[in-house]
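Below are two complexes that have chain A in common, paired first with chain B and then with chain C.
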Partner chain A sequence: MHMEKSTDLRKQARSAFIRSSAFQRLILIAVLVLLYGFFYLASPSFRKYTTLVQICSNMYYTLLMAIGVTFPLITGGNDLSMGTGLICYSLIGSYLMRIYGWPLWAAILITIGMGVAMGAVNGFGVAKLDIPPFIMTLASMMFCRGMGSILTGGFSGTWPDGAEPGAEFRNVFRLIVKTDTGRMPVPLGMIWMILLVIIMSLVLNKTRVGRYTIAIGSNKEALKLSGVNVLKWHIFAYMICGLFTGFAAVTYAATFSNITPGQGAGFELNAIGAAIIGGTAMTGGSGSVFGTFLGVLLISLLQVGLPFIGLNADWQLLITGGILLGAVTIDKMRNGK
Partner chain B sequence: MKDLLNRFKSLKLVRIMGFNRVVLIGVIIVLCLIFQVLSAVLNHGNVFLTYARFTSAMNYGYFIGFLALGVTFVIATGGIDFSVGPVMFCAALISGYCFNNYGFPMWVSLIMCPLIGMVFGTVGGFFVSYLHLPSFITSLALMQIAKGVGSIFTKTQNVSWPGSSDPGGWYRSLSNLDITVGGQRVNIPTGLIILIVVAILCSIVLNKTKAGRYMICLGANREAVRLSGVDTRRWEMLAYVICGTLAGFAAIFYVGCYTTVQPVKGDTFNNEAIAACVMGGTSMAGGLASILGTVIGSFIIAIMQEGILSMGFNIAFQYSLTALILLGAVIADVMSRRRRN
Partner chain C sequence: MKKLVALVLALVMVLGLTAAFADDYHFEIVSKGFQSTYWQAVLKGATEEVEKINAEGKDKITMNFVGPDSESDVAQQVQQFTSALNAAPAAIGFAAVDQNAFNDLLKEALEKKIPIIGFDSGVPGAPEGAVYANASTNNYVAGTVAAEGMWEKIVARIEAAPGTVRIGEVNQDATGESVTQRGLGFIDKIIELAAAKGWKVAVIGNEFYVNGVKGEKAAEADAKIIIEAKVPAQSTVELCANEASVLLNEDDLISVFGSNQVAAEGVVAADKNLFKCGTGDDTVIAVGFDSGATLKAAIREGVMYGAVTQSPVGIGKVTIDLLLASAKGEPVADTDTGCAFYTLENIDTPEIADNLYD
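So, the complex of A and B:
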């Protein structure tokens, strides 16, 4: 009798663990290791150190957007304007530098500032005007897509590169070290990314901002009744997302330096997909920055790895679409009845 | 003033069409006049109101119209579909590639377009209605998949459908028929006729059949429909299937007017199709849909696109303007719902 009861409890505990997002993250880590192992065995050129650096540089801007979008996602919303916004901000930043001769730091500040402003607009539309989040951010997505080209006259923008003054800011993310065998790139950006993941994890779990963000997603009415200024914190969640999109814009500029107008649509899907793969619930109310980080790792690994086994970028679209569908289905089953 | 407005509202034609639709037609007329003046001022005396510009605007209106008609069904159930644009391109890419490289006859390629769209619609509908996934994320995923599939199938190359003089070029007369009357070539917009016929069919399905009733009721009060013993999943899925099929139809008219399709493109058309729906009075919350409004909304989008080109601006303005219009329409929708509650 006693034995039966304890096995029953254990069974319950086990099924609760399988449903938990911690379990999803464990599986994700296993998938990452397996996938890396697969690419490692399948392609000798994948094993090079430069491939690892490439995976890192590829993931910076996606990771920043994904960390940012985790917050609106947790409130039960989302942000589709990140991809085209990123291109729009960095285009305008480069334009200010090239045409008006602004110093680099001012251009960076403006780039980030535009992100925050767009986040505030999105948040205002969603929280105050009650516009469905996907429509609000769809509109800002299109607005940014047009705006970047209109303001810069449709020309592509360049950020300082090579021997130009100010090109050192790229070293923040990718330092080239001269060794006796040649030049070796060091993905310095990874350090900042991991720091940011830790900081935002703390913000989400240990501060008022994070607690309110989660509360808005799980029970907005209760939060309102307990006297919290929900409007303010709801807008704040979108502003965090905007801030990180601004960071992503600078990082993108530092990594690729050449920015073409009309690009960027679809970046946000990778970021949103990564957050959902990492265990952020589509219905809001729960999420994890560390999970998001793992999700981005998975997507970047696929992005960089697939060409090594002969599958081009088109396959990557197909596979990320499939993963996104799969992740949402798992999320639904985990949180469903 | 108020008296005049009331008398206008009680006119028979206005009552049949609905007041909002009449306002929208007014918007079209005002837009045309604004563009007429602005193109003359800004673009060296360019004339906007010409027959050539009309047919060119209509060309844009056909495929946007078909996409928007499909999306109307989905929005009526309370969902959303972001995948229509890429699905349209995917259908055009695959069937065009089959025609060019595998020697499919033209009529087979034309039938393939709506079928491919239907496949995507069925998959999306299954995930949304039977697995209860949020429609917007499902359609975002499908959008990526449609882009990927189209591009993999054509090996990342553009697909050019045959020109009107090439063999198999007859499909172009589905959208534009060129006939010679007294030595002069006249362009008849056949696509407009087909669009109107399809719109009437859609209107009948949405308003007069059991399927349409259920779809609208699903958007208004899903729980009530389910509790009254209706298999909600089946009817919800049907809305997505219709949407996908119409996206496939749109492909025929897209290539009929623009010939060449590029892989990994098409996502801007989703936004315009959704904007057309919402402008036409279909509520984002579901439960309220107007086919006539959607058609007029698509024409507004088409005229705006043509007007922006006529004023000598580039296409980027179109994106930003559509965004503002979409926002305006949604805010109006939200406000009117608030007032009613």
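So, the complex of A and C:
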């Protein structure tokens, strides 16, 4: 009798763990390790330190968008305007610098500010006007796509690069250290990213912003009835996404310098996919910033690693699609469907 | 009397109207996009020529210059070309992103007797008589010019190398005429130059380029030089950079060719983490195509050895001239707008500098 009871308890604890999102993240970590190991064994060139640097620098702007979109996703919403928004804001930032002679710090502030403003607009449309998030952010996606081109007359923009004054802002993301054998890049940006993941994880789990975001996603009515200003916090979730899109815009400019109008549509799909792979439910109510980080790591590993074994980016899309489907299936199974 | 005056006035008005419409031409120009500042230079050349012709007073031209968001957006360009046809212009300038997607639309233009002037990569494989003339660089020749410019710098290293050496090529696609012709021209020329030295060349990588090469290919095991051609899934700088990284990570790589501005910028972006490219004997010799702020800076800093420039402003100008002539029913002929290899040594000379842009 006593033995049966303790076995029951252990079974219960085990199935509770399997149903938890922590288990999903554990699977993700295992997949990451296996995949890295596979590329390591399959390609000698992959094994270099510089490949790790490349995986890092490839993921910065996607990770920032993914951290941002985790919040609207948890409220049961979405944000499709991140990709074209990123391009639009950095285009306008470069335009202000090149044509109007604005200093770098002002352009960076405006770029980020535009992201926050668009986030507020998205949030207002979804929370106050009750427009479905998919439609609202689809509309702002098209708006950003057009606006960037119109304001710059269809021309591409460049942010400071190389030896130009102001180009030092790129060192925030990557430091070049002189060693005995030459130069070694240090992915400084990764440190900032990990810090941001920790901060936003705490925001999501330990602050009012985070708890209300989760509550809006799991039971908005109950939250409203308990007297909380749901409108404010709902809009705030979208503004967080907008803020991070602004960060992503600056990061993209730091990595690629040349911004072309009309690009960007589709960037957000990697970010949204990563968040879902990382355990954020599309129906809302739960999510994890750390899980999102793992999801982006996986996508970046695929993007960088597949060319090393001779498979081009078509395969990366195929495999990422498969993993996304797998993640959603595990999520459904977890929740006892 | 009043009736007569009214009739005369009406007649004058009508005559005046027809005079106003007499020399008006509207052209639709569908380019491959605004993806690089190259296309903006083409637009600049076209705009300047339109302004110049309008200022002369004899003909009045209006132009609508459009392009898809990226050079892999075939569907979008098909839509834009359809709109251009529906606008019933005097003539259409066209640079196709895909050589095979426009046959029906081109037949329609032929039936409607709307002249088509190809520019840049033009419209190879178009139905007979649809395209009246082309204003472009001979892209195959441009690829050979890149190969010759690179060869001068690397031939001594190949001689001194104990084993095989690798030459990389990053092509943004395997569908557009300009990129494919440059890619193939480059590989064919390397094979020719190597054969003169008695060296065998193997070609590996993307199937289109491997199979399209005209020169004689050897097996990898027998070759002194291996040429590896890479093509990303979409024509963006980020994906070209990933392909370039794979090449730059190979220890036997001595040089790499980016066959258009996007691919060359991808090489530069990839090198930012790897520091392999340069102009010294132990570095990877990178050769690019076209210009733009990123490539010009890379050449000035010694990261990129050199590049081939076309004359995009010239292409824009010649396209407008050909459009006007074909709209008037005058005979038109293909015009080669030329290309040149430039390095740090000649980047500031007038012949080169006038064709470079940001």
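Operating definition for what follows: the second predicted complex is superposed on the first by the 336 of 337 C-alpha atoms of A that agree within 3 Å, B and C clash if a C-alpha of one lies under 4 Å from a C-alpha of the other, contacts with A are read in each partner's own complex, and residues count from 1 in each chain.
Criterion: contacts are C-beta pairs under 8 Å (C-beta built on N, C-alpha and C of every residue); 3 or more make two chains touch, one makes a residue touch a chain.
Bear in mind the structure is a predicted one, so any value in this text is a computation, not a measurement.
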* Counting only touches as set out at the top, which of chain B and chain C does A:G322 meet: first, second, both, neither? -> first
* Does chain B (first) or chain C (second) touch A:G125, or do both, or does neither? -> first
* Asked: Counting only touches as set out at the top, which of chain B and chain C does A:S156 meet: first, second, both, neither?
  -> second
* To do: Classify the contacts of A:P261 with the two partner chains as first (chain B alone), second (chain C alone), both, or neither.
  => both
* May I ask you to decide whether A:M136 touches chain B, chain C, both, or neither, giving the answer as first, second, both or neither? => first
* To do: May I ask you to decide whether A:D314 touches chain B, chain C, both, or neither, giving the answer as first, second, both or neither?
  => both
* Touched partner set for A:Q303, first chain B, second chain C, both or neither -> second
* **Touching partner for A:K178 - first (chain B), second (chain C), both, neither** => neither
* Where on chain A do the contacts with chain B and the contacts with chain C coincide? -> 149, 154, 261-262, 265, 312-314, 316-317
* chain B - residues contacting chain A, complex -> 80, 82, 127, 131-134, 136-138, 140-145, 147-149, 151-152, 156, 263-264, 267-268, 271, 274, 278, 284, 314, 316-324, 326-327, 330-331, 334, 338
* In the complex with chain C, residue positions of chain A that touch it -> 45-46, 48, 50-51, 53-54, 57-58, 149, 154-156, 158, 161-164, 174, 182-183, 185, 255-258, 260-263, 265, 303-304, 307-308, 312-314, 316-317
* Asked: Tell me, which parts of chain A touch chain B in their complex?
  -> 78, 125, 129-132, 134-136, 138-143, 145-150, 154, 261-262, 265-266, 269, 272-273, 276, 282-283, 312-322, 324-325, 328-329, 332, 336
* To do: Under the touch definition given earlier, write down the residues of chain C that touch chain A in their complex.
  => 33-37, 40, 68-70, 230-234, 236-239, 242-243, 245-246, 249-251, 265, 269-270, 272-275, 292-294, 297-298, 301, 358
